[in-house]
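Have a look at this one before I ask anything.
As written, the chains take the letters A, B, C and D, and residue 1 is the first residue of each chain.
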Amino acid sequence: MCRWMAYSGSPIPIDALLYRPKHSLIDQSQHSELGAEPTNGDGFGIGWYPVEPLDNQSPGRFRGTGPAWSNSNLQDLAQHIRSALFFAHVRATSGTAVQESNCHPFRHDRWLWMHNGSIRDFAQLKRDLLLEVDPALYPEIEGTTDSEAMFFLALTYGLRDDPVAAVERMVGFVEATAARHGVKDPVQMTVATTEGERTWAFRYSSTGQSRTLFYSTDVNDLKALHPDVAVLRMLSDEARLVVSEPLGVMPDAFNEVPESSYSIIHRGQDEMSAFNPR
Amino acid sequence: MCRWMAYSGSPIPIDALLYRPKHSLIDQSQHSELGAEPTNGDGFGIGWYPVEPLDNQSPGRFRGTGPAWSNSNLQDLAQHIRSALFFAHVRATSGTAVQESNCHPFRHDRWLWMHNGSIRDFAQLKRDLLLEVDPALYPEIEGTTDSEAMFFLALTYGLRDDPVAAVERMVGFVEATAARHGVKDPVQMTVATTEGERTWAFRYSSTGQSRTLFYSTDVNDLKALHPDVAVLRMLSDEARLVVSEPLGVMPDAFNEVPESSYSIIHRGQDEMSAFNPR
Amino acid sequence: MCRWMAYSGSPIPIDALLYRPKHSLIDQSQHSELGAEPTNGDGFGIGWYPVEPLDNQSPGRFRGTGPAWSNSNLQDLAQHIRSALFFAHVRATSGTAVQESNCHPFRHDRWLWMHNGSIRDFAQLKRDLLLEVDPALYPEIEGTTDSEAMFFLALTYGLRDDPVAAVERMVGFVEATAARHGVKDPVQMTVATTEGERTWAFRYSSTGQSRTLFYSTDVNDLKALHPDVAVLRMLSDEARLVVSEPLGVMPDAFNEVPESSYSIIHRGQDEMSAFNPR
Amino acid sequence: MCRWMAYSGSPIPIDALLYRPKHSLIDQSQHSELGAEPTNGDGFGIGWYPVEPLDNQSPGRFRGTGPAWSNSNLQDLAQHIRSALFFAHVRATSGTAVQESNCHPFRHDRWLWMHNGSIRDFAQLKRDLLLEVDPALYPEIEGTTDSEAMFFLALTYGLRDDPVAAVERMVGFVEATAARHGVKDPVQMTVATTEGERTWAFRYSSTGQSRTLFYSTDVNDLKALHPDVAVLRMLSDEARLVVSEPLGVMPDAFNEVPESSYSIIHRGQDEMSAFNPR
């Protein structure tokens, strides 16, 4: 449905990873190899934490409704903005409108959220799902996607305090609601979320056949193996990437995130555990 | 907040009324004289019933997010589409996102709906208002505006069977909901709706100080008074216009719709009555 | 580079051919099978002659910069506009900006023009090509593409009086200019142009390996062969389609336009001849 | 026609000057007081030099075609990008298309250029003006405006070596070309250009009645006078602003640039001289 990329490490210009690698996310927007379809041309977005942070620590965001591959503003911004933690997403709509408010990453205070996948029969379930959202958060829903509904359910369940538990409860609620409506296997997702320090990446689907997700291996090993790859020299030792599909520069640079699991990335320390909807 | 125009009569190219009059709706998009502000540049839309109708009788629609005054597609379409009943709207957002799904006219089956005004503190009331929408209609809400919420509430209350009663119940419900939340004087509206045959135009506000609304007087009288005005010669005797502010070609061509009233226009027969929220 | 379709025949809703066939132009915008690449998502356009023509006989036009496949305005207009002669085009840029003024069909007075292909090293040749354009026409060039430059050169060479000769001179001039700059094999093109009555379709490339082009066979034969295909029943006997690639409803419905040739379509009379650049 | 702002000084978030002042450029986009019309809603752009410069020293740029006042991406970027030298521009078209390639600032290598005003009868003069552009630069013209033509003429005349002489020659050439075509008083302009270190600001018109232009007075004086104005505390002593109209925070903060003159701003050193077309 979509493709995404989450980076954390030393500050780099966003385009170093978004554009320059051979099978970059921009290339994936037109020629995805592992996605549900090759084209992800229904909008895009980047979210980033400035190197010199603002008082409120909120991340910057730029979204657009056309294809990423031909957007000259995106290319320009990616070349001129440096960040130590950024998200990027290219969208293939599963039916909801192509408009900026439906483009990832979604944002709330210091948090970013992006998603690949869908909730099956979302139109049918939407009303019950949104009713569960904390009424204090409800007015901040800006778009009409299943992805944003998942974000606001996770916020409702305490994303800011315990992200893993909140996402597990969110998925549990979606699955229970779907069951009530007779909708089978409702959840298909890879999700990334961050508050600017740590990144949580989830891979899960009700059927146990989730969209692909990969994380980068140790940068030091890669540097030794590929002394000729320019982009590697920009990365600090603790740099990490989580991606829907490998960037294609280094076939050995990425490992698959296992089915039904999540990963926490923080300053080069990675933690991986089983994901269990509640 | 917005400006709009509703036409019914003989088939004419849309631009005859949308562009050619001196103080046309396009001129009002940049230089409104009676609106809450001079600029209505946050999107636009036209809805029309084709001269040779399709099987499903649904109206055509074209909406855009930029200003109407510089949109060459709008101008082109207005010149090349003829219709005997069309709506046109230019938007000044009262806060919700500038995106096509928030542009008027809204559409459901054969019905069109457009609105000038707002629901005060809509963000605060939104959840309760949308909860009242018929769950079968709920998934068809595409945008995030108060105007579309009013449309779906009216549909819930039977717009297709008894438009006046449905709009009166809708306003009554909004006012009751607002009262529960401690929001005073919530409704400010002029609304037009049609199913392709008749047009209903409403002027109402909780404070009794509604946005302006005008209807055109008998075209025969106008033709006699203004034999030199080209656009008049295109109009059949039963042609009628309802507008947020007069088009400025003929100062005597428009009468104000009284406060708290509605009008039904059908083949040159106009009916005007008091509007009473239920 | 692009895909296009030109229809003439009985008046039909544009969507009957633009959307409903299995491998319609909209499908080709995402999944082209015979084009230079599968995705044609860098803008689109339709041009049509109204059933009840305006005084100036100019065709209507609607263009947009995003992908055709997700544009709800395009779908809406195609469903609600009927025409007896229309062009439709989906674009894959060969480098020039994604903006409406670069989208096909181009228009001058009563004429439409659309193109698939490119002029090699156009940036290098552009100045000399535009210098050749009639200074009286020069100010009307709105975009920056090779396709529009070809149109204005053809207009300069008398497109409105003798379309075939004008296009042959245009190609001859481009090839001569390219030769002066040391650019080999500069022209790759399929082109359609019309004044609202006749349609001229050209297939040519300097290398003799032109992009594909097909024309529909006799509708009567098709109706007999495919009594079950709904769209055929809407078409009059003289209806004709010229397309970059077959629509996929009827494998036997399309014949390839031969290399280096052109076709003139007029009320069911087709004429095909060799194309010779001058 | 347009409104613009040029800042140089200590690094600040762009929104500190673009959004926060009472009569900011964003406010001027909807409510200009000194411009040719109140609304400047036909596109916008910002150009900035990153605090930590890239190898090629090129400035970043973000442009859009809708009104600045409702563009959430612009607001987001302005909040999250810091710069010690940036340009901002809101556009009111004098006739050329509303598209990103026509939005200011224009860019070439390290240079930015923005303009308020117009060349009278530009469509008539355009061909002769563009013919004068260095053929090596000609392919890089991306849009269709008089403003960009002025930039490329100035580049042709040596903008990068001697900006004042180049702009004087450019204006002289436009005036001579206009005279040949019988067009009187062709030039109306305020222009700003920079290479990232110094900013040149020009005020000139053929009639001697130029659009307004103002520069800020010494920040130290202002800080003493207005200890309560928050934005002033962010500015270093050498900070300077050049604006189409004063920002409205401090009536005494801006002086008018005299008719037919130019100013060079560099690290708090300002130089003002007479402008003489050659």
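Note that contacts are C-beta pairs under 8 Å (C-beta built on N, C-alpha and C of every residue); 3 or more make two chains touch, one makes a residue touch a chain.
Source: prediction; values computed, not measured.
**Student:** Going by the touch criterion at the top, tell me which pair is linked by more C-beta contacts: A-D or B-D.
**Tutor:** Result: the pair with more contacts is A-D.
**Student:** Which is it for copies subunit A and subunit C: same residues on both faces, with over half shared, or different residues?
**Tutor:** Counting shared over all numbers used gives more than one half: same.
**Student:** Taking each chain's centre as the mean of its CA atoms, how far is subunit B from subunit D in angstrom?
**Tutor:** 40
**Student:** Give the residues of subunit A touching no fewer than two other chains, as numbers and ranges.
**Tutor:** Residues 72, 97, 100 of subunit A each touch two or more of the other chains.
**Student:** So how do the chains connect up here, line, ring, star, complete, or something else (other)?
**Tutor:** Looks like everything touches everything, fully connected.
**Student:** Where on subunit C does subunit B make contact in their complex?
**Tutor:** Residues of subunit C touching subunit B: 13, 48, 50-52, 54, 58-64, 72-73, 76-77, 79-82, 100.
**Student:** Under the stated contact criterion, what part of subunit A meets subunit C in this complex?
**Tutor:** 30, 38-39, 41-42, 65-67, 70, 72, 93, 97-98
**Student:** Which stretch or stretches of subunit C touch subunit D in the complex?
**Tutor:** 97, 99-101, 123-124, 126-127, 131, 135, 138-139, 141-144
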